[in-house]
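Order as written gives the chain letters A, B, C and D; numbering starts at 1 within each chain.
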Amino acid sequence: MTLTDRLSIRRSLFLSTALLVSGAQCVFAQEKNPAELSEYYSPVPEIVTPGKTSSDAPSDAIVLFNGKDASSWAAQDGGPVKWQVGDNAITVVGGTGTIHTKQGFGDCQLHIEFREPSEVKGEGQGRGNSGIFLMGRYELQVLDCYNNKTYVNGQTGSIYKQLVPLANACRPPGEWQTYDIIFTAPLFNEDGTVKAQARITVIHNGVLIQNNASIWGSTEYIGTPKYEKHGPKEALVLQDHGDRVSYRNIWIRPL
Amino acid sequence: MTLTDRLSIRRSLFLSTALLVSGAQCVFAQEKNPAELSEYYSPVPEIVTPGKTSSDAPSDAIVLFNGKDASSWAAQDGGPVKWQVGDNAITVVGGTGTIHTKQGFGDCQLHIEFREPSEVKGEGQGRGNSGIFLMGRYELQVLDCYNNKTYVNGQTGSIYKQLVPLANACRPPGEWQTYDIIFTAPLFNEDGTVKAQARITVIHNGVLIQNNASIWGSTEYIGTPKYEKHGPKEALVLQDHGDRVSYRNIWIRPL
Amino acid sequence: MTLTDRLSIRRSLFLSTALLVSGAQCVFAQEKNPAELSEYYSPVPEIVTPGKTSSDAPSDAIVLFNGKDASSWAAQDGGPVKWQVGDNAITVVGGTGTIHTKQGFGDCQLHIEFREPSEVKGEGQGRGNSGIFLMGRYELQVLDCYNNKTYVNGQTGSIYKQLVPLANACRPPGEWQTYDIIFTAPLFNEDGTVKAQARITVIHNGVLIQNNASIWGSTEYIGTPKYEKHGPKEALVLQDHGDRVSYRNIWIRPL
Amino acid sequence: MTLTDRLSIRRSLFLSTALLVSGAQCVFAQEKNPAELSEYYSPVPEIVTPGKTSSDAPSDAIVLFNGKDASSWAAQDGGPVKWQVGDNAITVVGGTGTIHTKQGFGDCQLHIEFREPSEVKGEGQGRGNSGIFLMGRYELQVLDCYNNKTYVNGQTGSIYKQLVPLANACRPPGEWQTYDIIFTAPLFNEDGTVKAQARITVIHNGVLIQNNASIWGSTEYIGTPKYEKHGPKEALVLQDHGDRVSYRNIWIRPL
């Protein structure tokens, strides 16, 4: 339907209604139950079969790691991942570098489970450190903050050095933990300036810890965050920070 | 610290830094590791012990229904609830009216589970209809939309007659389903006009169906939604629409 | 730079920093003034020469009507506009239908001036009615509400039948008035459901009347607003509602 | 009206409608024109008389500086301002410190005009530097960036060291420039963590340069921004950075 058509129709509707108003008192009733004026039938949302539990992937999710198969991932050098796959998990092997998905993602719902080493070693940022980099740039911190003090903008569930989590919902080391993430990618202007900041919602072990918060830019260890223009889809990256953090049940729904 | 103090301190900091810059090349190093410039230690987020599973209440949640005790709720007439409590659930008894929490809530994270009657009766809005009214006004639709067609802005997970869900993630009737809700209350100006619309995020059985969407006003069966100024905390209401819908595991975390 | 390169660099940076930390106390100082850690120089925002007054178009704006030339517009039937151009304004000629821009627009900053007929006729919606349809669908109401009562969700500055303005900032009929509009287009999923609602900020005669408010869908005279998937750029439409409303100084900056 | 009353009424409405539906085909018409279902008449937005031009204060604004009277302001030490009032402007006197409003403000629309010294001296941050601190903490940079290069997150219209402006809309030094600001204050949780980031929209000389962007925290010269819990209303502060920047036409509308 062209713009002209649509506008004509709208106008006709308006005129016919006007006529109706000046007509007999029953004209409206012949047309519609008033409740029906606020009901419509399309487009029909997609049917998605949920997983058996909230850890299981819904039918439309891309399963990035099912406990056995790491083939959706590549090592930092582009080759096969060098992390350890076993016991239904994939575990960081310190010094082998980050791993990243072969596929890129933008706006998404991401479910990911992680487990801190049951043998507690180190303290602060030195205890069970890893990280989930949305679009390879925006780090949701993974750390063992169960009875472990560090800077609050770097604790578990922080957007590293940017957004302090609303709560510390860590489980003890050795137990599996969940992140349920809703991520909205940043938008850029043609000249590279930022049109809309990235936003993130995170539920950690069932507890809301980030509530549609705006991300400042790529997360940095030193210096200020900064947005650098990138594509609408970028790889998801898991960090090797030297500690034996494990991951499992990783699935993602592009939004 | 008064404003004057704070401003003086800021200014002093600025001046001392300026002096440092013109000083010897090593002065910065004596002060701080540059990485520490983006680290801070307070305020410390509250420690919240997560539930055993994502259905279980975290330590700071208010448990509104644990399967047995409906004492947090009142009937429409203010007396004890007339719905049926049993089998670890509370079930609508048609014609007894809504039930509402004795306590009021504003911004919140709400977990609630519901079960549609396993015996399928009726169709469209007539099949397993109930509803969750945030602040007593903003209805998240509860309906059996498993193989059941209705208007899309009234299907399971819609904000009734306002916001179509992003997906239909219904489980079959007779199975327990979950809603994980993040709700931001509306804000009003003194004259009753709207300062900020309410917003809602909903995860249905693990699937994102509302993503920080803006609610239009109180949900209406006929006519337009409209915001009417109300308090910052209002009762949570569950609807009696005549169908035997059950609820369980209801907990809420004021945000 | 490939992902692998970028990740390698990040890692190198991290490692070298780690080494620095364990080095002599002066290493940081040799590198950077700590204030410089939060300063960067690109990308450089575009230089835009502002108009002489806030009514005049900035250098990067598309001038849609300069008081004389209506060639950026077409009539409802696609032909030349049939409204009256003269006296530095373009004025509705009742019954000739809407006019729309030949070019489409999405996110934008729009400046537009309008004048209600100095001879006051009619009341309520019958006095000086016209409208500005962003993307041809989302109507910012134009009406003479100076000493004129109507439904509040249809008064000057409302998003018609959706969003009540925060204030009534109307000038008397016969005087030129301004709308300064910041519009964010809605986003759609592939299946036509809504990914992000449209948002609007409006300053009327210098007074904020809509503050980044979410639009419900296309504005309707009867029945509920609904989003229907459309392109990222759509024509701007001005309404012929029969009254001799004039417009001038129309310019737009795509965002 | 109690909750019980309201719920009863809603239910009655629902039931009566249901009865109507099963009644004669004319019942709806006797009640309402369908267009009226989406119209309502209260609350009525406040009438605000706009200023004569967009620089002039609307009737409900608090005039903070009218060109002559600086009595709404105090010096850093709490005493009378030591800046120079004259020529319809107030001008920084270097070394006398910041000035701040005696009254506090939260959410607001702020109009402020500034003029850079016509005699160009210095470069980068050293040319015509001052700043507008919303709530005494969140700095909108004032600088002469007309043919003057500096770090982009510190140029005119930046939220200092946080948000790069979308454009450089500077007028030449010696000319009056305008900022039209819409500011939403941050919200804090009881424990001091951040509930909602502050947001800002800025129009510079008629050009949109910040579009409802989220502020990271208090603006810092060195180190990371951080939110520290403060009251809902805090003084507006103008910075003495040593340069002879002038201000005029300062008015604010609490939102």
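In this text, a contact is a pair of C-beta atoms (placed from the backbone, for glycine too) under 8 Å apart; a residue touches a chain by one contact, two chains touch by 3 or more.
Predicted model only: the values in this text are computed from it and were never measured.
The chains touching subunit C as well as subunit D are A, B.
More contacting C-beta pairs link the chains of A-C than the other of the two pairs A-C and B-C.
Per-chain Cα centroids separate subunit B from subunit C by 31 Å. The centroid of the Cα atoms in subunit A and the matching centroid in subunit C are 29 Å apart.
Multi-chain contact residues of subunit A (touching two or more other chains): 17, 34-35, 37-40, 42-46, 153, 161, 164, 166, 189, 193, 195, 211, 221-224, 226, 255. If each chain is drawn as a node and touching chains are joined, the picture has every node linked to every other. Residue ranges on subunit D touching subunit C, taken from their complex, read 34-35, 37-51, 53-54, 56, 58, 60, 109, 111, 149, 151-155, 161, 164-169, 171, 178, 180, 182, 184, 199, 201, 203-209, 211-212, 220-224, 253, 255. Contact residues on subunit A toward subunit C in their complex (touch as defined above): 3-4, 6-8, 11, 13-14, 17, 37-40, 42-46, 76-78, 97-98, 100, 107, 136, 189, 191-193, 195, 221-224, 226, 229, 234-235, 237, 255.
Those residues of subunit B that touch subunit C in the shared complex are 17, 21, 25-35, 37, 153, 161-164, 166, 189, 193-195, 197, 211, 213-214, 216, 224, 226.
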